[in-house]
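Listed below are the structures to be examined.
Across the two complexes that follow, subunit A remains constant while its partner is subunit B and subsequently subunit C.
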Partner chain A sequence: MSLLSSFLYFSITIMSGGPPVSVSIESSCEKQVQEVALDGTETYVPPLSMSQNLAKLAQRIDFSQGSESEEDGAESEPKDREWSKEPEEEEGTVKFQPSLWPWDSVRNNLRSALTEMCVLYDVLSVVKEKKYMALDPVSQDPAANKTPQVFQLISKKKSLGTAAQLLLKGAEKLSKSVAENQENRRQRDFNSELLRLRSQWKLRKVGDKILGDLSYRSAGSLFPHHGTFEVIKNTDIDLDKKIPEDYCPLDVQIPSDLEGSAYIKVSIQKQAPDIGDLGTVNLFRRPPKTKAGTQAWHVKLEAAQNVLLCKEIFAQLSREAVQIKSQIPHIVVKNQIISQPFPGLQLSISLCHSTGEKKNHKASPEKPKPDDHLYVLEHNLHQMMREFHKQQLSSVVMPHPASAPFGHKRMRLAGPQAYDKSEISSLQHNEGLLEKIIKQAKHIFLRSRTARTIDSLASRIEDPQIQAHWSNINDVYESSVKVLITSQGYEQICKSIQLQLNIGVEQIRVVHRDGRVVTLSHQEQELQDFLLSQMSQHQVHAVQQLAKVMGWHVLSFSNHVGLGPVESIGNASAVTVASPNGEYAISVRNGPESGCKVLVQFPRSQTKELPKSDVIQEAKWSHLRGPSKEVHWSKMEGRNFVYKMELLMAALTPCP
Partner chain B sequence: MGVTCVCQVPVAEGKSVQQTVDILHKKLEQLAAVKQGSFCVDCETYHATGNVSGQPTKLLYVMHNSETPLSCMALFEGGPCVIADANFDVLMVKLKSHFQNAKGHKVECRGSRYRYCDFLIKVGTVTMSSSARGISVEVEYCPCVVPGDCWNLIREFMASFLGSSVPELPSVFAAKPEGLFAPADCVDTMTQYLELFNKLRKMQIQGSNVR
Partner chain C sequence: MEAPPVTAMPVTGGTINMMEYLLQGSVLDQALESLLHRLRGLCDNMEPETFTDHELVYLLKGQQGNPFILRARRSLSHPTSPWHLRYLGQPEVGDKSRHALVRNCVDVAASHSLPEFLNEMGFRMDHEFVANGHIFRKGAMKIVVSKLSRILVPGNTENTERLSLSYLVELSLLAPAGQDTVSEDMRSFAEQLKPLVHLEKIDPSKQRH
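Up next is the complex of A and B:
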């Protein structure tokens, strides 16, 4: 191998005698790889040494054959050998024996390749001249190779058809899967929407239709409306176009008489002089804006349910209005119920139902009237109706023994406990919806009128100040207010007039601080007169309290004096106080109408004319109080009555 | 529910039952009592069957009072009493085999009801098979439930319009234990009515014998 490791040059001479071609050969693999380590280093098989190589070559020599041929036909053998050697020696400067030379086959192949190449080159050069050789295409076998064009067409068509079919099948599968996906999506949306709908509304399947129930029957209502709505699939959507934002895969169809929205308007007005224009209440407020997250069907169903409830309330109210006998009969006209809670006052309950978006063009240009709608009463009507529903189904009623009739639980005891009629009637609810709402309206009206009276008095009269503290916690039929009458600056001293007013349904009950209870009717004037009389009494009380503070002695006090001009509102009150040293006395008479009159009594010694008399011997009698003089109260300095009184008292109390 | 006293008023001489009732009504109206509708007390008799011969058949009386419209009282004479729901009548129909209805013995007392402050006065005609047998007067003093405390008051009030025919303390109250709180209830009222009805029934039988 060491001999072969160098480049070998050898030349081949051919008979035709061309220039010698040198071919360089390199052995592909110099050393054999014995092992490749894990880090990539290759371990080569160490090349054979000289002695090893010689031994290897020697092993190839067949010494036994050589020695045998020498013995027998030794002459022919060497002759053959020499003879085979000779042509080979003739062929070149080959030094090795041909059988031992491994490159022999390579040399032969290369030589034949060279021969071929030379021949080709010669042929091409001759053909190029075109004189002695010419290129001709090889004529095809007409019988074997020629096929008719029709066949070709058919075969091409068939192959194309097969390919097209495959492609079409694939495309079909693809389009089917896409369509299925979309259909699934749509179906899934419908199902998920249906699930959402079912979680909030009652649904049942009848045949192939899905029906729902939006009435309050399962909550205890006895209204005969069926309240059935139908759920329909919204399929008129083009999936190719963009799906609109408010698209919903399902739609609900509500009964035609529950379309639109409705509310019950309760209002109190002054009694209308003529009844001609009744029953045409159709003013309408804008429908409330829908919340962002709610579905269209939810809004629709809720509106329909509200309409149903309003209809039920109105039906109940009108039924009661016709059946229940009252002193002043209620009028039921079209969609309005009119009754008179107080004389001169009119309570109207009307059902305002607007269907769809059709606007009544007559109504819209009208100026919107000031809203006297009592929302509290409307809400109370809804609440009372729901309470009535609840009573029908209350836990007091269910569960109950199979043999007992429906009703309040206590009613079952009525038999065995031998309840008499009064006890039974106390268990049963006699008042209907209409009566309740009329009572509530009366109370609301009375309360607002009382507030108005007190406020008008407070703004009109400054001298005794009137304060009203309304209680936060009220009943539907009762409210209370505490009225304090005070003088500014003297609140701690003069706080004797404190009134607690309990405003009921038709009457106002006043509880005075000193324990008196007065019941006033609903007339506004009564309350006003009463408060005015209390204010005048306050002034006199204030003088009494002030006298205590100033050290003056109260000589007499009367809430209701019988002297002087007769007052039309209440009674006048009077007080007389004397100064600490007794020299002066102040008399005050205050009436609601006649105002206040203040007189001061002087000691005799201060009068201009001393009556001379023989009876009075000693001078000390001149210190007694004598005549009295009226004070020009309006000219007195002072912010209010009590302040003026204090100044007067201070003026009449000389410093020691 | 107050203390009730039921007594019988004898028919005035020379007058019919109706006329005597009218006289009583007039007296009450003169007292300024207010008429408040009508009342009805009835009694049905049932024979208890299935008991051993030798013992007298027990009579069960089922009574109704319009004052307690939803109740029904069943009592044995001098024995236990049951206050039940109005369905008791239906139950009696189901117990036909044990209690037989004596249809001819149904007694009714109907009349008008007056109210005078705390008193409730009921003047009624006792009829048995649509023939008037007598007049009953029931006076109830509503505020009190102890008979011993208000008997004198009731007696005085009854004397003001009944005149001489004022009864003694009813035996039901006399039988109550003294000193203990023993309130009167509807059972006492019904017992008194039952006694009255039985008395009237016996009277008429005697009367019929005479005739």
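Up next is the complex of A and C:
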């Protein structure tokens, strides 16, 4: 304010609605700038001195006016009007002349400022409550935003990112809840479960019950069991509690005699000395293995079907065991069928059926006896039963013309072709399940015993060596093995003994390399003797082959010599070979029991005593072979017979 | 050489006393596919079997009123199969509650000289027809879905004309006399074929007009 020339500090008390507010005033600028020089220095107007100030103030006073006049009263009216805004005006308010009091405008401005501030404060406090007023943003002038574009981009990106995040989270939650719902529905829905059941098992509706068929009748079985199971709804579930993992809304009720699980045990043992403890086979050690993901009803139904098939197999076997006449009758006791395939051997077929959870604890501490359960035969029984079923359904049974009854096609020809009884019986299947399985068991046993014989011989005898090559592809009734007898180190030279053994059901047929066919019975000793005799023959054959290689001449050879001690196993064989220059000869006689005997024949000139005789005139006769001497074969150097023989031959062949 | 003695007593055992239980129905041509599908599912699991047969019906007119009927049937799709001669007796008039038609049935396989033999015996051929269709089996039950065609020129099985626009469905079972429980099985099976085809017992004597 230009009126003030020095610091003046005083307070004005403004009366308004609220408490009095003190305002401090300070002069803004002290000195006025008179002139600004070119170099920036400011020249101030020198401040007024005291006398000058006084003179200035005195000029302002209007001496012509009085202090309280009527004109004041007229002028005080607008003042009153001004002051009417404040009805709480106290008495003794100093009435200043508005034109005379220089702070009036200041006071008015301040008062209006205070009013504005109070209004603003009131508005804000009302807005804060949010009940009666709300703030709305005022759209800003876009030209006023002078922020750089990069910031705009970044901020937009961030905001979009947050929005996207929120949306994604929401969508995820939604999809998760939908999937959960579906999962729950799938698991808890009886009808969808029923659909799954129906896709694998035969179901039909009878009245208000749902029945199913787990028998093999539609696959060709003739077993009279009905095999009906019932499908029931599983309603004993408490929805408030947590639903267990393996909860299934569907349950099946299988016939009581098909509960548990069963298998057929086929085993071959040495004949039991007494017959008293038969029929007590009840061992069970196969735990039911469930694949992950299969339903409980599926497992139950499959187990029941397996029990039914095992029952059918056993019923068929026992029926045949009773009906078929065989030399040694089969014994059927409780759940076991016992028959004798070979003397001293016992084949037992038993149906092991364990019902329910309570396992027979007597059987669990099992004796660690070797597992003689022939799984192959059990599998074959199942297969044969299914094949029998299939035959019932084959198109051979279907009648052509269509009005004819069911029956095998060839049997229908029996009438028109006038078959006799033998022809008809040849048409019918005369080999039942039991006979087949006994034959298979015999073959398995014979094969394993043959293998054992060959292996024991191979491990016992080192010279010559015996090799067995079993063929991979076998029949249920026939297997074959090729047996080679060789000497170590001379396999290429001495390979004359090669035997092909065809192991059948009761016999072993041996085909020799040179074409001879020998049929051996099931006796173990026969095979062993035969192989031993072949081994001894091999040694002699080896000498013969070796002679060819070494250049020696074979003078005589015989597979079965009639001279010398009689062998109890087979026959002895012998060979005589002469050296290239004829001076020496080696004779070998080999028998399976008597071992080998080697003699060497020397020329006459090497004998110690040369018999003088008048008959022999010339000296050339002394080169002929004369007496023979036995070789101490066991002391001979060499790891096997043929090697020793080679050394002998080499020793008897002088270098030129 | 003496002739072997002729037994005076008629043969009573074996296959002579078999009874045929029969239920019949028909479907239109359009419904054949669905019927075959259903039968394929219900019956034993085999490859579907089709057949083409030629049937000749022989009559022996005696002095009495009712002629004696024999049916000779051969397969055209399997020419080497033997002929099939069939005698069907009168339907048994039992209790009305029996679900299937029961009649005595004698089935005999014969060689290919059967028509001449029947002619020599005095039978005269009444009519012949060709039937072709499908045959299904469930246990002992036989289901035959056949289309009958009329032979225009006697003896010529190539030239045939369809008799109707539908297929004949027959459910039959051969059982020894006295086993009435099989009709229950037949009825329950026929229930499963509804509403595709309604199999019911149709008395042939009521069809004559």
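Observations on the model:
In this text, the second predicted complex is superposed on the first by the 442 of 656 C-alpha atoms of A that agree within 3 Å, B and C clash if a C-alpha of one lies under 4 Å from a C-alpha of the other, contacts with A are read in each partner's own complex, and residues count from 1 in each chain.
Assume a contact is a pair of C-beta atoms (placed from the backbone, for glycine too) under 8 Å apart; a residue touches a chain by one contact, two chains touch by 3 or more.
All of these numbers come straight from a predicted model, not from anything done at the bench.
By the touch criterion stated above, A:Ile424 is placed in contact with subunit B alone, subunit C being left untouched. Looking at the shared chain after the overlay, A:Ser403 reaches both subunit B and subunit C. For subunit A, the partner touching the most residues, choosing from subunit B and subunit C, is C.
Shared-chain residue A:Arg412: touches subunit B and subunit C both. On subunit A, the patch touched by subunit B and the patch touched by subunit C overlap at residues 403, 412, 414-417.
Against subunit C, the residues of subunit A that register as touching in their complex are 204, 217-220, 393-395, 397-406, 409, 412-417. Across the interface of their complex, subunit A is touched by residues 43-47, 49, 51, 53, 55, 71, 73-75, 77-78, 81-84, 86, 107-112, 131, 133, 135, 137-140, 142, 144, 146, 174, 192 of subunit C. Considering their complex, residues 403, 411-412, 414-421, 424 of subunit A touch subunit B. Listing the residues of subunit B that touch subunit A in their complex gives 1, 67-73, 83-87, 185-186.
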